[in-house]
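What follows is a group of structures, each given as structure tokens.
Below are two complexes that have subunit A in common, paired first with subunit B and then with subunit C.
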Partner chain A sequence: MEDIFSYRREESFNAKEGLLKDWKITVQPNISVAGWPADAGSKALADFTALEDATIIDRLKNAGADICGATKMSEFGFGIKGSKAGEALRKKEVNAELVLDLMGEARLAAMRANVFGFKPGYGIISRFGLIGLIPSMEACGILSSEVSLIGEILKIIAGADGKDFCLPDESLLPAVEIIPGKTKVGVIREAVQGLSEKENEFFTSQLGKIKEAGWKIKELTFSEYDLCQSVHNIIGAVEASSCAGRYDSVRYGKRAPGTKNWNEMYLQSRGAFFGLLIKSYLFQGAYFQFEKYSDYESACRIRKHLVREIEKLTAQTDFLITPVRMPKNASTPLSLTETYDQFAATLFANVAGLPALCMPAGENVCGIQICGARLCDLSLLSLGEYLCNQGWGK
Partner chain B sequence: MEMEAVIGLEIHVELNCATKMFCDCPNRPGDEPNSNTCPICLWFPGAIPQFGRAALEKAALLCLGLNAELQPKSAFDQKVYYYPDLPKGYQLSQAHLPLSRGGWIEIADEQGKPKKLRIHHIHMEEDVAKLLHEMEGRTPISLVDFNRAGAPLVEIVTEPDFRSSYDAMEFLKALRAQVRYVGSSECSMENGTMRVDANISVRPKGTDQMNTKVEVKNMNSVRHVGDAIAHEITRQSACFQSGEAIILHTRLWDPEKKATLPMRAKFAGPCVPDPAVPVIELSAEWIAEMKKRLPEMPAARAARFSTQYGMTAEEATYLSAEPDVALYFETLIGEGIAPRTAMHWLTTQLMPALKEKKMELASCKVTPSRFAQLLSMLAQDEINANAAREVLTHLFDSDETPDRIVAARGFKQVSDPGALCSLIDKVLAEQPAALNDLKNGQAKAIGFLVGKVMQASGGKANPKMIKEMLAGKLDSYNQ
Partner chain C sequence: MDFSQRVFCGEVKTDDAGRDILLAGWVDAYRDHGGLLFIHLRDRSGIIQIVFSPDVAGENFCRQAAALRAEFCIAVQGEVRRRLSGTENPNIETGEIEIFVKKLNVLGESDPLPFAISDKAMVAGSASAGEDNVAEDLRLQYRYLDIRRPVMQNNLLLRHRIFLTVREFLSSRGFVEVETPCLTMSTPEGARDYLVPSRVHEQKFYALPQSPQLFKQLLMIGGMERYFQLARCFRDEDLRPNRQPEFTQLDIEASFIDEEFLYDLIEDLTCRMFSIGGITLKRPFARMTYREAMDTTGSDRPDLRFGLRFVEVTDLFSQTKYAIFRQILQRGGCIKGINIKGQSEKLSKNVLQNEYAKEIAPSFGAKGMTWMRAEEGRLESNIVQFFSEAELNGLKKRFNVEDGDVLIMVADPSYQIVVSALGQLRLHLANRLGLISAGSFYPVWVTEFPLFEATDEGGVTSSHHPFTAPDRVDFDPKNVEDLLQLRSRAYDLVVNGEELGGGSIRINNRDLQRKIFAALGLTEEETKEKFGFFLRAFDFGAPPHGGLALGMDRTVSMILQTSSIREVIAFPKNRSAACPLTGAPSSVKREQLAELGLLNPGGENTLPGDAHQENLLDRISWVSRIGATAEERKTLEQALVQADKLAILARENAGLDDPLCTVTPVANRMREGAKEKRSIFAEKGQLLKSAPAVKGSYFKVNAVLE
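Here is the complex of A and B:
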């Protein structure tokens, strides 16, 4: 088991009375639990201990949850290389896992572990105490084999927080009833392109099942779908570069020894302790900040446009359904491009800030993701539960 | 060729909020190093900035006090650079959408004519930490004090409307007065709550070219700003005349050498919109509410003083420059003191005494009510001016009322005609030459004799009565 966990709670634990009493939940070390190591998977933060509970941890503890350990993670949660997210669930060690979703990490991990992986919409969950990398697009994901538990956890951790002023003054909308004849689902044509024959066959058969059950399926066109990846890549890298600016070895974190002045200290500490993938991402971000700022501005403008276009798509239907390719277990380190390619089907929900749920994929050739409009997180989870009860996705 | 300077100022003003801009740490940079810090201002992993309402209100009042227009929408950006005084690799500042645009300050130019100097915009930003480099000893070390990191600042960026160091100095004095009025900052260049950078270029007079500018920093008084600008104008004019190219860079003012010295190439880093601080949207109602909170500003107050109390423009400007002085003055008037007496005693006695004792008007023992009691005794001839000055020195150290000080120390003025008459006779007996002058009708002797009688009375005699009585004697001798 130890190869899954980076930390396991050793101190005794008296669960508070609450809705989540006796439910075991793991986090990753980029989610602050007071007194626990919080290195965010990076050598740059080796030996850093969280001072306070993240707001979500505080709320979960108050609801009686047993925060029982932290699983190994990729550096700063970027990509899934090195991450053991989902493994504790697969081994039925815990009831739920919390995993930051920067571009689909929580969802892909869940698919691999044959459980549900949910990314809440933007601005629903406090980011206080989350050691993030891409503030405008990431959200704390929830993994579980039971959608209803994801819903319970979401209701407990969501909502305004005096420590995170970025949460808009909005509440989740109540779940709507799922009625097969009435509920409309949309399929984005461009999201289906590029599937292998087998993947396509599987996805089409799943759509066939819900058609038979009387659901309305609408084919949608989103010609700029591929731009989501470039936009996420540019804006994500710039935000990551800013976010990682604080890891300068001045106040905490590891410092390279024997440097003569602080310029050397910065260069050598950051050079020695950041991993290769993160370093190339930060380099890319700094490049857009210092050398190609106008391209970054263009990416921001395009994002605005994409968000509007995706809103139009969600307005035409109740939910979107897209296929998600199973991530391959690469043996060599991935390049930035390869990393991004893994998330080609999930990152549009991060760009647009929409809630998205990946269904358990088991031995299937292809995963399936459903996605709803902003603030419709609870309805989306209802749909997931409904489809699961119908034996869909198998 | 006659040259002309084109000058613009960038002025950082530290707001006097109780807490820092993005956390609840006390805004007291002078405390024990690193005592006023928290995970937010040290930018620990997982920290999120919490923009405070107090900073917004103080900044907004400052903008309104400088006639600037608050923007309905403003936002913070990340000014990216890496330096140990910056705990997160960027400074939160408003580069793209500032809190206010426009604005102006009116000064009297060198000929006394009104001149409006325009402000381009005012934005909010956080201060950075303080670095201390210890170069002595075997290993030089750099120490960082984060008490100042995250302290609330505004930066006032002017238009290049200034043509001389006089303009800049007058602008800064007026700015300081106006900001003190709205209560947003003490604006002390000495204590670093106001820091001024000047951008200076020169051109042949009469042209409208904008030549390469040089930025000058490190002036810690208004006078230094004036000196640095004057020096830079001379230096650049000489470069221009001799055909030497002027390069965009930053120079430091060296007050001892009285010269500007090159420091570094001017910094220009990227400014990326910050995703963690919410966009600031100001409603029309909120702006109206802030406008209601604006006090009467110095220029308006000076105009009122001038008409209401019959002062010259200079006197009125002097008395209204500092809000606490103006308030003190009007409190004296409220206590029944005549405006001219109040102004005269405040400006020629109390203020110089405070300066000498290095005390503040607001915190000294000479409260307006005690000072007013003293001035009333003077007005009612209970004491004379000499005694009043003496009593004032006692007011600084004792809590006793002025009349008790007068009684206890025998400062009471002698106004009894009989006592004064015998004093005069005694002095005349001692001064035969002056008596002779008096008898010969020479009025100039009166002044000399008043002084002698005052001396003989130990300063307590009523000089007005002595003068009248001596004049009576002169008349009687010469009838």
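Here is the complex of A and C:
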């Protein structure tokens, strides 16, 4: 198990009475648990110890949960290369895992481990105590083999937090009942294009199953679907570059030895901090910030358009169903573009801040993701549970 | 409006009560007392209170006055009255009177201010608009508003008085102010030149003067005998906190004189300048040779406001059994120390060992520091057992040790390291122990500098410049040992550890000058090429002469005791050598560059140093302060190529929507009712726990500059 965990709770633990009593939950070292190492998978935070609990940890502990360890993660949680997210669940060591989802990491890891992977909608879960990279896109994802547990955890960690000043005054809408004849699902045509023959066959057969059960399926067109990836890349890189500004070898991280002045200290320390994937991303971010700022603004304009278009799609249907390609276990490091390509099917939910749930994929040729409108997280989980109970996705 | 009758605000007297007068100036502060409006009117001379009363001026008029805001430029006519007993304001000169306004003329309205200008010294408890509260770049961007502040006006006024004193004094001593050109040739001063391209002579450049050195010597050869100039000089140096790319220098040169003449002249002048700041300097100024300064303070700019002079103790340890000292002495090293008199209470074992020996001394370049505390007639230390009785007694005698004293010693094979580390420790301790009394000034002449310094290639180079006269002429220009023994006839004026200026007696003998060039390893030809026009002048009967230059910005700043030299310069550059007010330096039109022949003719029309020629990757690496190794470059370059494709894609698809930054409604949250408080993690020191370097309760970083 040691290769899964970066840290395991050593201190004794007295569970509080609560809904989550006796449930074991893991985090990753970018989620602060007081006294635990929190290096976010990066040398930039080597040997950093969290000073206090993240709000979500505080709430989980109060609900009786056993925060039992941290699993290994990719640098800053960007991509799933090097991440062991989902593995503890696969081995049935724990009941749930918390994994930051920047463009689909929580969901892809879950699919890989044959469990449910849920990314809550943006803005309902406090980010206080999370060491993030792309503030406007990321959300703390929840992985579990039981959808109902994801729902319990979500209800406990969601909601206003005086420590997170960006969290708006919104609350989750109650779950709506799932009625096969009435509930409408939409399929985005552009999201299905590019599937291999086998993948397409599988996805179509799954749709056939629910059609047979009396569901209405609406085919939707979203011609700018492909732009989501570019927009995520541009905005994400800029936000990452800003976010990584704090890694200065002054407050944390190891300082490069023998530097003579301030600038040299930054250049060399920061040069040694970041792995090549993150460094490529940060260089792109700095390029947009310092050389092409108006193009960054253009990306933000496109994002507005995309969000509006996606809202139109979710207004026409109750849920969106999209296929997700299974992540390959590449042995060589992925380039930035390859990393992004891996998340092509999941990142639009981050761009628009939608809740999204990936179903366990087992040995299937293709994974399936369902999305709902913002704040409809609980309804989405109900649908997931319903489909699961129907034996769907198998 | 006829301003010929205008009276200055600060000059209205109590005796003027009953008179009708005309004032003009700026609204410094205003208070509305329900119908009665009080305004402090400010001009360069001071502040006076003016009153708009419905009884005197009528309701309508008072309503008009109610529209006045801070820094409106106005003129008023009104009657001087004594203030009612008990309403006097002792904080302003004119605090016993006020003006009841009969006529108001708004001369210029003001936008809301970027920062407060009023000192509000007359309103008890108000925060003042001091330089501490406003970001300096904002002050510089609106320098004209900053200059309205009485503190700044006073600084500029006193600067003017100091300059006036210089001109009057030197004129009275027979000196003549002569201007020298700004568009000139590069001179051998050692810093980088600011270059000005010539349009007429394409691809050729003038240099802005780093000092008028050559011209002032030519004026001596020209028989002007006594010259001075308040000259603007330019040096394109790396940025340092208290430097400006252009600065004002008092440049002096005289013929048929010696060092004593200049000491006397400059001491007299310096005392006069400092007296304008209310500072009395004692004459004659102390003198110290370079050697003595290095031996006893570790600096050629010694701060003599406090003791803590070094004492040489190498000889006491010639037979020592203490391994560290023995090894250092075997390698030809030296040991020096300081007796910090009567400070053992403030310098505990813990402070000496854990702060000074372990942290501070190593940060000053010493490999270690030895300390001893004198208690009950004995020397106490963590290593005292390694020393013999004779050695300890020797130290007691050499340092005149009494109970309560603290000795620190630095030993190293390199004399340079010993004096440099000990010198920095000396300053550190003086500051820490409060040994420098505020408002004390200690001028000293530092003399007898080495004429040459050794170069890495085994030759010599001038410490000052090659025209400085040596202390003797019988040297062998081929014998490096001998050359390094030569002293120069140069002198620096140092006050409180800061060099205000320096100069030298120059060489006026052709043969001696040739010998010096030979010593520097310059051939006849090289000499001619570098200094030809200048040396030619010495072929026509050059008089013996010498002079000095004083940095006036620094001098005025010291006299006025301002926090930086920018406080005594009307329109200074900021710390990055830019002017936030005008935006200089700025890019120029291509046509201008073309006219100057600075566009690459026939090429891609790229400018010299133009962005296209620079490497994009290096630029991004620099602005984001992330270094990249050679192996990483290829991948990073690919990422940038990809980023450019993305940028084009975004541009082409931008549309007309407003940029979206977050998908949620914007929540503007205030910490209502919350009091500012120190983080509990700061209190317990936990915030510092993960830091790579800490000093006390601060994060420790490298110096901004080397």
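Please note the rule applied: the second predicted complex is superposed on the first by the 394 of 394 C-alpha atoms of A that agree within 3 Å, B and C clash if a C-alpha of one lies under 4 Å from a C-alpha of the other, contacts with A are read in each partner's own complex, and residues count from 1 in each chain.
FYI, a residue touches a chain if its C-beta (ideal position, glycine included) is under 8 Å from a C-beta of that chain, and two chains touch if they have at least 3 such contacts.
On a predicted model such as this, the values are computed, not experimentally measured, just so you know.
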Query raised in the report: Here subunit A is shared; do subunit B and subunit C fit on it together or clash?
Result: clash
Report task. Between subunit B and subunit C, point out the one touching more subunit A residues. Result -> C
Query raised in the report: So, does A:M73 touch the first partner subunit B, the second partner subunit C, both, or neither?
Result: neither
Query raised in the report: Which of the two partners, first being subunit B and second being subunit C, lies in contact with A:F274: first, second, both, or neither?
Result: second
Requested in this report: In the overlay, answer first, second, both or neither for which of subunit B and subunit C A:S32 touches.
Outcome: first
Query raised in the report: Touching A:R301 in the superposition: subunit B (first), subunit C (second), both, neither?
Result: second
Requested in this report: Applying the touch criterion given at the start, work out whether A:F165 contacts subunit B, subunit C, both or neither, answering first, second, both or neither.
Outcome: both
Query - Touched partner set for A:F48, first subunit B, second subunit C, both or neither - result: both
Report task. Could you look at A:L130 and tell me whether it touches subunit B, subunit C, both or neither (first, second, both, neither)? Result -> first
Report task. Applying the touch criterion given at the start, work out whether A:S242 contacts subunit B, subunit C, both or neither, answering first, second, both or neither. Result -> first
Report task. Kindly classify A:E264 by the partners it touches after superposition: subunit B alone (first), subunit C alone (second), both, or neither? Result -> second
Query - subunit C collision site on subunit B, chosen from 203-211, 293-301, 419-427 or 437-445, when both complexes are overlaid on chain A - result: 293-301
Requested in this report: Residue by residue on subunit A, keep only those touching subunit B in one complex and subunit C in the other, then list them.
Outcome: 45, 48, 51-52, 136, 165-166, 241, 250-252, 262, 266, 290, 296, 300
Query raised in the report: Where on subunit A does subunit C make contact in their complex?
Result: 45, 47-49, 51-52, 122-123, 136, 165-170, 224, 227, 230-231, 233-234, 237, 241, 249-255, 259-268, 270-274, 276, 279-288, 290-292, 294-305, 307-308, 335-337, 352-353, 374
Requested in this report: Using the touch rule from the top, collect the residues of subunit B that touch subunit A in their complex.
Outcome: 39, 42-46, 48-51, 78, 80, 82-84, 87-90, 142, 144, 146, 269-270, 272-278
Query raised in the report: Touching subunit B in the complex: which residues of subunit A?
Result: 30, 32, 38, 40, 45, 48, 50-52, 54, 127-131, 135-136, 162-166, 238-239, 241-242, 244-246, 248, 250-252, 262, 266, 289-290, 293, 296, 300
Query - subunit A contact footprint on subunit C (complex, rising order) - result: 616-617, 619-629, 632, 635-636, 638-640, 642-644, 646-651, 653-667, 669, 681, 686-687, 689-693, 699, 701-706
